[in-house]
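To keep things clear, I will list the structure first and then write my remarks on it.
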Amino acid sequence: MALERWFRRNRPSKKEDDNSPAGLWLKCDSCGAQIYRKDLVANSYVCPECSHHHRVPADARVAMLADEGTFEVWSGLIEAQDALEFVDTQAYPERLTKARQKVGRPDAILTGGALLDGQPVALVVMDFSFLGGSMGSVVGEEIASATERAAAEGRTLIAVTSSGGARMQEGALSLMQMAKTTVALEALSRAHLPYISVLTDPTTGGVTASFATLGDVIFAEPGALISFAGPRVIQQTIRQDLPAGFQRSEFLLQKGMVDDVVDRRELRARIADVINLLRSGLAQPEEEEALRVAAL
Amino acid sequence: MSLPFEKPIEDLEAKIRDMRAYAAEQEIDLASEVEALQDRLDRLKRDTYENLTRWQRVQVARAAGRPTGLDYLQRTFDDFTELHGDRTLGDDPAVVTGLARLAGTSVIVIAQQKGRDTKENIHRNFGMSHPSGYRKAMRMFDLADKFRLPVIALIDTPGAYPGLAAEEQGQAWVIAESIRRMSQLTVPAISVVIGEGGSGGALAIGVANRVLILENAIYSVISPESCAAILWRDAGEAEKAAEALRLTARDLIALEVVDRVVDEPLGGAHNDPAGAMALVKQALVEELAFLASMSPEQLLESRYKRFRVLGRFQAVAAA
Amino acid sequence: MALERWFRRNRPSKKEDDNSPAGLWLKCDSCGAQIYRKDLVANSYVCPECSHHHRVPADARVAMLADEGTFEVWSGLIEAQDALEFVDTQAYPERLTKARQKVGRPDAILTGGALLDGQPVALVVMDFSFLGGSMGSVVGEEIASATERAAAEGRTLIAVTSSGGARMQEGALSLMQMAKTTVALEALSRAHLPYISVLTDPTTGGVTASFATLGDVIFAEPGALISFAGPRVIQQTIRQDLPAGFQRSEFLLQKGMVDDVVDRRELRARIADVINLLRSGLAQPEEEEALRVAAL
Amino acid sequence: MSLPFEKPIEDLEAKIRDMRAYAAEQEIDLASEVEALQDRLDRLKRDTYENLTRWQRVQVARAAGRPTGLDYLQRTFDDFTELHGDRTLGDDPAVVTGLARLAGTSVIVIAQQKGRDTKENIHRNFGMSHPSGYRKAMRMFDLADKFRLPVIALIDTPGAYPGLAAEEQGQAWVIAESIRRMSQLTVPAISVVIGEGGSGGALAIGVANRVLILENAIYSVISPESCAAILWRDAGEAEKAAEALRLTARDLIALEVVDRVVDEPLGGAHNDPAGAMALVKQALVEELAFLASMSPEQLLESRYKRFRVLGRFQAVAAA
């Protein structure tokens, strides 16, 4: 522990010691340490004390992955409709309005083009702070169109997921986003472009059961909850305690479901390596054919 | 056995039976009275079934006696020969697969199977698949492509099973893979929601060129009970949730989630299984004939487009 | 139990009561009943008392599957070489000579073309009585060439396996037959022809780990031992008793490894059904293309 | 640590060391004596290693200190990045897979991995794969085809694991599938037997366009011990079995089971790991360059033919 950090840690004022986004200090969920927010941010939102991976705002995630100044936003031009006129304890449009005000974007997704270590990528970053990162029509459309655009522009697709699953307020339309995002990946495959997905805490339900787990390479962040059904649902089903570490990244690595659990501070470098390797294969037969034809 | 809202219908049916019995016993002619009652019964049935609430449709979709996957396999299709196992994890009884003929055309069939009684329900895990069930379906997709057999998938599940082993074996992974694999079929694929289309577990075999749904079947992102438990914090509010979720055949055709509603005989499929299955057969034969003329590329492309366009959104208003 | 059989069973003479191939009577391995050999044969070598599936000579197997008078033998024109000059307690050529004399064919395999319920098939039947059905160069070559011939002649391939595995006396050459038989199946796939494999007791080792388990549809006979490693080897490895029914057909059905366990008396009909269904799919795209071209 | 037949070599080496030490201590010139001994040592090594019995080769192939799969991945290749898991059953430590570069060419690598000490041996199950290991390899074959990355497979296993779970999960099935899947690769594939090529478990990743074997590696249908136990009914007769099985590199090239023998430094790879790995690298680079010019169709076709022709038989003499 750096002395500076230790020094800071010993003087949190009561006022600063809160967990609001603006607070200067916060308490690590995992080890309970008081952390100076700037240190957390500087350390990729990883606790400097215990390495717990805290959630990352979508913009910060982009900043961690994209080469500086290269990110061009694609998403944000569409917003949800209330096709079902869905009302529970609150009407869906109200929930949307509040979320938009809080988060400052139309829905739970941020996409765009960028370079990553000099290589062209499309970034798809889910935003858990917007209605739990739930996937409705807008999230599905943004992912599908970013995927198709990546295919058209020769970019590797990088998806960073965090989501509670499908957005109930859009009913079956939200369910269909699982199929929509999945079929779009076909465009990428036809262009022989890689898709790397990064599963972060939490990734559950319909997102896990569609595009999130279809990466050519799948990385997971340490300790992330990644599941189809939520732990509470399973507990109710089986009526017994879940084993320690169940549905966490490390468990899934052992079960063969992810390629590796990667510390966030190494994530960019690991992704860059994989892109480099996957994109330097032999020429595709159709490319060879084109070369042959061109040579005639 | 009957559903709560069917009580008036049952009462009237009982009355007609009584009157007929009485007429026979007393050797008197009550034909016109019986006929009048019969008319009333028909109107009552029609009124009742045309105006079912969404929650009532949920009950019909789950009703005992409603034909299940195996009923269709054995009666709507000919020469059904079951193929077991996923060659990987096991043989999931909640999904029945194999080869069959539909009006002379050889097809691959995949059917989610609930039990028809308690014992079978336990054996079939109430129609809730483990990963092995989806792997079995994917094996069938491979066979379908290799031998150019159209795929017919019958959807009837509360959802994929949420259990320990299922998670360990990658339930989310296989559902995602099954969605992708089905979307890549080079042969015609038709899915029919025959009862309950529960979430991702249903969609896994629902990525077809044509998605049909029975009049009283439902297809939803979440069960009304779970939705109520989450949004209303009270599973007892399932009726409200069912309304909100727009999960009936009529709703789904309006949302363009399904392509065709297959009528059920008046009174629902559970009151006339043979009639319902005949209507499904007819619809399948028509759909299959329609798709048979399409090339593999056309099938792939139209399936891609069908699912690519789903959803409702609008341009953000300029600030 | 038919009265006639019961009557016969009560009068085995000492002379007849032996298990030699020529014996009129034999004792069922499974239930211990005395069975009149003709009854066993008439019942497809299935014990009339307990339905135990006894092993079937290769010729009898062909007779059970092929339409009468349609079987044309393909195999039998090649024989093994002693490439390794292999000698253990006996020289390999001596073993071969004895086996040939006993069984009356050059090696552990019988192949040929036939009709099965009117449909063109290639039959590949392994002969366990010839050095335990072990797969050496001859077995591999006969299977591979029958497979290629099936592809060329538009026949469904039906393999009935029974084998102790690879033939050690041919060393790595026998190992390579696993690859050889497997690659040959590619010829069949390219011709879009089905391959149905029937696993009978016992099918183990290199045969199980190659063409035997690659059927588009796999049937197993009831109670057959089907495994990669032999039960004794596994017992030595894990040093505990094996669970009841382990590595038997019914166990494998439960584990998802075979399409069905089929009573031998229904086998022919089941195979016919499957061929019928698998061979009546839509026209293959290249066929459609050919039709289009022809129409021009 | 040294092998039994290496004793005379070790003794002579010790003698040379002693003489050098003595010369230094006494400040006398024994250079010509040392040189003579050194010549004798070289001759002895050469004689010993050129005339190893098959059983001695088995010992060299299994020797401690011989480079394992991971040693190659870390030193012969650059930028090795491990990819874990089969997305189905688990992540088998007995097979290590991933992406890497070989002299600048991006490739998929699949290596069977024995342990380098007891602890790792237990972790790696002595290099004996479960079905999950073969499924992981097959996932790599899929990646290789999709991104057109040549496949390099390093074989070093006593065999596929013969255990309860392995049988339950279809050990035979996955080996068969892996053989088939590898034979269908549309990219160049090279297998190298770096140590022990044990039966079907080795062949599962051995269906390559070019199959290389190290000078002192072995490749056999069965281990000498098991063969002896079956045919001689005495595992102690392994030496005889090793002779009979013709399992050395020289034997296999004569039988056309392998395409190329890669020399080891004098004294074997275990006495000079770096030297051995350099020779393997050179061979791989040459082979890869040779295969790079072939089209997918040519690769498929030549792989088919290579395995289709294997075996020795003759026409039956006319009766």
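Going by the order they are written in, the chains are A, B, C and D; count residues from 1 in each one.
Here is the rule we use: contacts are C-beta pairs under 8 Å (C-beta built on N, C-alpha and C of every residue); 3 or more make two chains touch, one makes a residue touch a chain.
Just so it is clear, the model here is predicted, and its values are computed rather than measured.
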item	value
Between A-D and A-B, the pair joined by more C-beta contacts	A-B
Distance between chain centroids, defined by C-alpha means - chain C, chain D (Å)	34
Inter-centroid spacing, chain D versus chain A (mean Cα positions, whole Å)	41
Chain centre separation in whole Å, for chain C relative to chain A (CA means)	52
Overlap residues in chain A, where contacts from two or more other chains coincide	255-257
Multi-chain contact residues (two or more partners), chain B	87-89, 169-170, 173
Arrangement of touching chains [line / ring / star / complete / other]	other
Chain A residues touching chain B - in the complex, by the definition given at the top	76-81, 83-84, 86-89, 106, 136-138, 140-141, 144, 166, 168, 170-180, 182-186, 205-206, 208-214, 226-230, 233-234, 237-238, 242-243, 246-247, 255-257
Chain B residues touching chain D - in the complex, by the definition given at the top	87-89, 169-170, 173
Chain A-touching residues of chain D, taken from the complex the two chains share	79, 81-91, 99-101, 106, 132, 135-136, 143, 146-150, 186-188, 292, 295-296
List of chain D residues in touch with chain C within their complex	160-164, 166-173, 175-177, 179-180, 183-184, 199-200, 203-204, 206-207, 219-222, 226-227, 230-232, 240-241, 244-247, 251-252, 255, 257, 303-304, 307-308, 310-316
For the chain A and chain D complex, residues of the former touching the latter	189, 192, 194, 216-217, 253-260, 270, 273-274, 276-285, 288
